[in-house]
Every structure is written in structure tokens, then in C-alpha cells.
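Scrolling down, you'll hit the structures one after another.
Presented sequentially are two complexes of subunit A, the first with subunit B as partner and the second with subunit C.
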Partner chain A sequence: MSNSSSGNVGIVIVSHSSKIAEGAADMVRQMVGNAVPLAWTGGDTDGGLGTNVAGILEAIEAVWSPAGVAILVDLGGAETNSEMAVEMLAEDRRARVVVCNAPVVEGAVIAATESSGGSSLAAVKRSAEEFYA
Partner chain B sequence: MSLDRAARERLVRALAASMIEHAEELTSLDQAIGDGDHGLNMKRGFEAVLATLPGLADKSLPEMLKAIGMTLVMKVGGASGPLVGTFFMELGKALPEQPTRADLVAAADKAIGAVKLRGRSEAGQKTLLDVLVPAQAVFASGGDARAIAAEAAQAADRTTPMLATRGRASFLGERSIGHMDPGSRSASLLIGAAVAALEFEAVS
Partner chain C sequence: MHDVNASRAANAFAPLTASAVLVNAVGLHARPSVKLTQCAKGFAAKIEFALAPDGPWTDAKSPVKVMRVKAPQGATLHFRVAGPDGKAALAAVLALVHDGFGEA
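Moving on, here comes the complex of A and B:
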């Protein structure tokens, strides 16, 4: 589900559907390779459609990088739950995790591409969000 | 107001019962304008809260409310977990152990402010804030348990003709009109259950 070994910005994919989250992660792996720490989470705590804070926290932990973590989300609850998860992190980590306002699949691929080149968290977020511009 | 252990447990059980008993109704409201999981999500969250009894009621009132909020955040899923969970957590953070009525009003004000921030929303967008804000206005102006519960129920009804501009129902645009907001309904049920349970406690 993840790896974490580099100083590259970590990428977390959060979808209501675990299949979408996993599929988006597969696309990132194929298109960007394994240099970027990547984790995905999807579904509620019963395995139905939804998102859950515990799963998001675990995913952030799995890809933790000193360079920070960028989260890509799908619909409303994924964003609210991601923001809640960020607030529950230790204070020194909170400022190094961002939720990107970008489409989940395209945003994840672009963010990971940017991260694989060693870009900063701010640059990773900007690239993902430029997709909408 | 001082809630002894038995009263705290009664409060928790009343809140949970209101969600568990109305799970199907909430789900059918959510099927109309949301993604159809609100009843199930709230039921799952409050069943998880019940599972932390009896230890939960051993805690002081502020600590108990914070613990309820944390359980809801972790277990409800969907956007209502962080929203309702934040309300309980912030209420707990803002309350002294033996709150007066004025303390409760002030704490509820802070908790509602935190829900607005979490959802980046205000009353008028067809969300639970459309119940929390008017119910709080009655509470703050001295209304008794019955008046607060009545306002909460009427406020939920008033969301029916509203146009959703925040939350999942906003995707539907004008088709959200004519259906009660499920988050408003669950908020009114929780408020009704809370004030009914607390009425025994001579809030003064």
C-alpha cells in the first residue's frame, strides 16, 4: 500500500472508494515509478463507500517525509476528513501536510511527477492545483 | 449544573438511542439528496460511543464530551463525522467541570463556531448549522428545554424548501429543494434527546 524511504514529498490518495484510491495509486506507480512515497486509503470503517480519519492518518504516517505530504481527495467528506486528520497530527507535522484542491486521479499523477523531481511541497501542491486553471 | 455519573450515562444513552432509532429515517432523507449513508454512519458512530460505556460516564462532563467527539470523528465516516465530532470535542474543551447555564451557552457558541470553520459554512446553506444556530439562539435567550427542542425540530423542517449550497446536496442544485436536510434532522434529534435527558437535572 505504500513505501517511504526518500526525501521526496509523500503523496496520499483519499477516495470514498478503495478501488478508485487503489487504481489511482496504480496509475501513479506506472507513470511515475517508485521514487515517491505513496499511500492510498478509501472506504469507511465498515468497508463501505466513505472515508475515515483513522485510515487517512495511517496513510500520512506511511508516507511521512521531512519534505512533507500532499493529499489528493475526491468528494466533500474526503476533504473534511483529511483536514480533520491533519489537525490531529503532532504540531510540528501539521504545517507540512497539505490538502490539494485538484482532481484526485490527475492531481495524484501530477503531484507525484513533481515530487519525483525533488520539488518542494508548495511546488507539488501548485502543480496539482494548476490542473484546474 | 452538576451531572452525576448516572445522569452522564443517561445523556449518552439518550443521544445514541436518538440516532440508532432514527437511522432508517435519516438514511431515506439522505437517499433523496445525499449519498444515502447518513443514518448508517451516525448509527455506527453512536454504537461505537455506547461501546465505550461504562468507562465513558466515569469521566468528567468535559472529558466525556471530548471522548464522544473523538469517537464520532474516527467512526462515523462521511463529512458528518468531523462536523458532529468537532461540535462535541469543542463543547468539551470549552466547558468547566461544573458548568452554569451561562457556561453552557458560551461553550455551545464556541462549538458552533468550530463547526462553521470545519465545514467552511454558515447558516442558510441547508446544513446542520440551520438547526444549531437557531436552537442556540433560543438557548442563549433563556429558552427552556421544551422551547429549544421545539425550535430545533421546526428549524429542521425549515430546511425542506431551502436550496443547498454546501455539502453533497449542493451537487443537486435546485433539485435539493423540497427535501429536509438529513444533517439538520440528525442535529435536531440529538438536541431533542439532550435537552430531554438534561431536563431532569434542573439546568439553572
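Moving on, here comes the complex of A and C:
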């Protein structure tokens, strides 16, 4: 469900569907490579469509480093649950975990590309959000 | 010169230019775009490219901007590179294009 490496910004993919989250992660791995810590989570706790805060927290934890973590989400609950997860983090980590306003698949690939070059969390977020610019 | 800031460093170096034809079947689509930006990010030099020798120029380190160019197979990519490692950077991006980004 996750694996990590280096001091690059971590990427978390949150979708209502575990298949979408896993598929987006596959695309990141194949297109960008393994230089970026990457984790995904999707579905509610019963295995249905939805998102859950515990799963998001676990994914953040899996890719955490002081370089920070960029979260890519799909619709509504994925965003609000991700924001809730960020609020539940230790205070010193909260500012280093951001939810990107970007499409989940494209944003994940772009964010990971940016991260793989050693870019800062702000640069990773900005690059992913260029899709809506 | 001790300033490692890329843009200021770039100003101190005359831009190098060269071009290469996109040989891979699908052109500069998503995967090659990612490879190009990853390659470009490995250098301090400012690296830009265009479909015409006089621009408009696209920052080769921006994955979104590179993908938006949608350069097709057969297009000529004109590179403009400036920076302390400009020569190596230009050689690297040209090799990547010549090599079809490792695709067919």
C-alpha cells in the first residue's frame, strides 16, 4: 500500500475508490519511478466507496518526512476527511502536510514528478495546481 | 562566482541552443514529458524549449507546461539552455530526445 525513499516530498492519493487510488499510484510508479515516497488509500472502513480518516492518517504516516507530504484527493469527502486528518496530526507536522487543489490522477503524477527532482513542498503543490490555473 | 541561484547564474552564461526531432511514436505525451522534466531538473541551468527557433519558450522543468505543448512525432524541439552546467544539460536533453525517451 505504500513504500518510501529519500528526503523527497511524499505523495498521498485519496480516492473514494480503492481501485482508483491504487491505479493512480501505479501510474505514478511507472511514469515517475521510485524516488518519491508514495501511499494511497481509498474506500470506507467496510470496503465500500468512500474515504476514512484513519486510512488517510496511516497513508500520511507511511510517507512522512520533514520534506513534507502533498495529498491528492478526488471528490468532497476525500477532501474534508483529508483536511480532518491533517488537523489530527501533531502540531509540528501539520504545516508540512497540504491538500492540493488538483485532479487526483494528473495531480499525483505531476506532484511526484516535481518531488522526484527534489523540489520543495510549496513547489510540488504549485505544480500540481497548475492544472486548474 | 559563489552564487548558486539558478536564475542569477543563468544570466552570467550565454545561452546555448540546439535542436532535435521527436522520433518516438506518440510525441511529447505524458511519459516523455515526465522524463524530460526529470532530466532537466537534474541541472542548475535554465532549460527551455520551443517548437520554433524563436519561441515561444517553455520551461523544460515544469511538467504541466511541457505536457501542454503537445508536441507531435516529427516536431523539432529547439532547446535554449543557460547556466554553469549548460553544456552537460543540453547534451542530456538532446540525448533523451534522440533516444526517443527510451521508447520506440
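Criterion: the second predicted complex is superposed on the first by the 133 of 133 C-alpha atoms of A that agree within 3 Å, B and C clash if a C-alpha of one lies under 4 Å from a C-alpha of the other, contacts with A are read in each partner's own complex, and residues count from 1 in each chain.
The definition used in the following text is that a contact is a pair of C-beta atoms (placed from the backbone, for glycine too) under 8 Å apart; a residue touches a chain by one contact, two chains touch by 3 or more.
As the structure is a prediction and not an experimental result, all values here were calculated from the model.
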{"item": "Superposition on subunit A - do subunit B and subunit C clash or fit", "value": "fit"}
{"item": "First, second, both or neither for A:Asn8, with subunit B first and subunit C second", "value": "neither"}
{"item": "Touching partner for A:Met84 - first (subunit B), second (subunit C), both, neither", "value": "first"}
{"item": "Touching partner for A:Ser18 - first (subunit B), second (subunit C), both, neither", "value": "neither"}
{"item": "Touched partner set for A:Asp44, first subunit B, second subunit C, both or neither", "value": "first"}
{"item": "First (subunit B), second (subunit C), both or neither touched by A:Ser65", "value": "neither"}
{"item": "Subunit C, subunit A and subunit B - angle at the middle CA centre, rounded to the nearest 10 degrees", "value": "150"}
{"item": "Subunit B versus subunit C, judged by how many residues of subunit A each one touches", "value": "B"}
{"item": "Subunit C versus subunit B - closest C-alpha approach in the superposed model, Å", "value": "27"}
{"item": "Residue ranges of subunit A touching subunit C (in the complex, touch as defined)", "value": "31-33, 109-110, 113-114, 116-119, 127, 130-131"}
{"item": "Subunit A-touching residues of subunit C, taken from the complex the two chains share", "value": "30-31, 34, 37-38, 41-42, 61-65"}
{"item": "Subunit A contact footprint on subunit B (complex, rising order)", "value": "35, 37, 40-41, 44, 73-75, 77-83, 85-86, 118-119, 167-168"}
{"item": "Contact footprint of subunit B on subunit A as seen in their complex", "value": "44-46, 48-54, 75-77, 80-81, 83-84, 88"}
